[in-house]
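Look for chain A in each of the two complexes below; its partner is chain B in the first and chain C in the second.
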Partner chain A sequence: MKAIVIVKPKTTVLDPQGVAIRDAVRHHPGLEHAVAGVRAGKRLEIDLEASAAADPALEEKLHAVCRDLLSNPVIEDYELHLER
Partner chain B sequence: MHFAVIQFPGSNCDQDCLRSLRDDLGIPADYVWHKDTSLGDGCDAVVLPGGFSYGDYLRCGAMAKFSPIMRAVRDFAAGGGLVIGVCNGFQMLCEMGLLPGALIRNRDLHFICEAVALRVETSGSPFTSRCRTGELLQIPIAHGEGSYFADDATLRDLEKHRQVLLRYVDPATGVPTPASNPNGSLAAIAGICNRERNVFGLMPHPDRASHPRLGSDDGRKIFESMADAIRGRRYQRAGAAIGVCHTEAPARDALVAMRSGGGDVFGV
Partner chain C sequence: MKAIVIVKPKTTVLDPQGVAIRDAVRHHPGLEHAVAGVRAGKRLEIDLEASAAADPALEEKLHAVCRDLLSNPVIEDYELHLER
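On to the complex of A and B.
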């Protein structure tokens, strides 16, 4: 079982890394005029022990760690997906 | 008087801080290891030094908040003790929620290491009482993630309560300009304190500007202000009467009094 966490900068936060990547992508042949913008985030894959699946509060605990550690709610949004 | 300099795995300005305090300012200071759970007897101030704690993994300063010593630092701050976070230490204070906002990647993505001009926005804090309001300081920065960000409401709140202590400015005019803002910080913010004015975070390194041989000794004023506050001499009461000295009581007593008088308690 896996938890997939996607962390992205909030749309209101300047993302200079995304801007730099956007500009680089626009140098790719055929994409000069195709790309409006890029946001750079990160994807975390958390391998869970089989026994963890039995915990009814697992998802809530994972949301808590997403808020407390894996993302910073001041600047980032996250998505949590559980793959069983 | 005694300062505690916290060492994390990856700290690299711990020695700069300790030597500035001890050798340049004559302030007794010692290291405290991040796995310790106590700041030690008689600790008067905490320094969270610069560097790359935990390799800057995940986000700068994000891991450090789970170090065992941080519970003691939180308690110390909640009791009115002076805490200063320099560079990575500023990032930690924001991640811990002891200061509002966050520090993100520099506007131009570069790691910047250079002396910058800073304007002291108010002398009404235990970290800037040795400066004049409006005074310019020259202190170096060295960071890749120092662009201060906060939402509009937080920013308004910071300005309203005079919590912005330092701003990046043009050294010739003393005014913030896009060119003099090295990292794209909102409102050219270089350093802020909490509402209670006992926790201060700044990206510039006063520890690298504590002796003329380093190119500037303007950073001394920040540590000396703290020492003054601890000695209870020049501390200017926070809150409504910024800029007017009303109390000779030691800083901690004043802050405790303010707190019991209904002042907001931050991040406890």
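On to the complex of A and C.
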């Protein structure tokens, strides 16, 4: 069982890494006018033990981890996807 | 139109960031024995101009960008997903 966590900058927050990547991609031949913008985020793939799947509070605990540890709620949003 | 690029460390490559996150998650109450491993990667959301969608070579060009610019093929794999 896997949990995929995606952490991305809030749309209202400036994302300098995304801006740098956008500008670099615009220097690529044939893509000069193709890119409107880039947002750079993180993607964490969490392998869960089989025994953890039986825990009814697992998803709630993972949300707590996402909030407290894996994202900064002031400037980032997260998505949690559980793959069984 | 959007392109989602996921860049992750190859499975054979040590991922110190993932190991650090795994150990931190294991300190979270109730998740001490839940996590087998974590792989930390990047996720880039590329907003494409509407005009770019008409380019039949767009996907090929984006693959070239992923290979040359957005990933390090020695230690990383990438996935490119186009959302129309």
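We take it that the second predicted complex is superposed on the first by the 84 of 84 C-alpha atoms of A that agree within 3 Å, B and C clash if a C-alpha of one lies under 4 Å from a C-alpha of the other, contacts with A are read in each partner's own complex, and residues count from 1 in each chain.
Note that a residue touches a chain if its C-beta (ideal position, glycine included) is under 8 Å from a C-beta of that chain, and two chains touch if they have at least 3 such contacts.
Because the structure is a prediction, the values reported are computed rather than measured.
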> Touching A:His33 in the superposition: chain B (first), chain C (second), both, neither?
Replying inline: second
> Which partner reaches more residues of chain A, chain B or chain C?
Replying inline: C
>> Contact-wise, after the overlay, does A:Leu70 reach chain B, chain C, both or neither (first, second, both, neither)?
In response: both
> Touching A:Ile21 in the superposition: chain B (first), chain C (second), both, neither?
Replying inline: second
> Given the touch rule stated above, what does A:Pro56 touch, chain B (first), chain C (second), both, or neither?
Replying inline: neither
> What is the contact status of A:Val13 with respect to chain B (first) and chain C (second): first, second, both, or neither?
Replying inline: first
>> Taking the stated contact definition, name every residue in chain A that is touched by chain B in one complex and by chain C in the other, in rising order.
In response: 69-70
> Can you list the residues on chain A that touch chain B in the complex?
Replying inline: 9, 12-17, 20, 69-70, 72, 74-75
> Taking the complex as given, what residues does chain C use to touch chain A?
Replying inline: 6, 8, 18, 21-22, 24-25, 28-31, 33-49, 51-52, 55, 57-58, 61-62, 64-65, 68-70
> Quick one: in the complex, what on chain B touches chain A?
Replying inline: 58-59, 62, 66, 94-95, 100-102, 104-109, 147, 149-151, 184
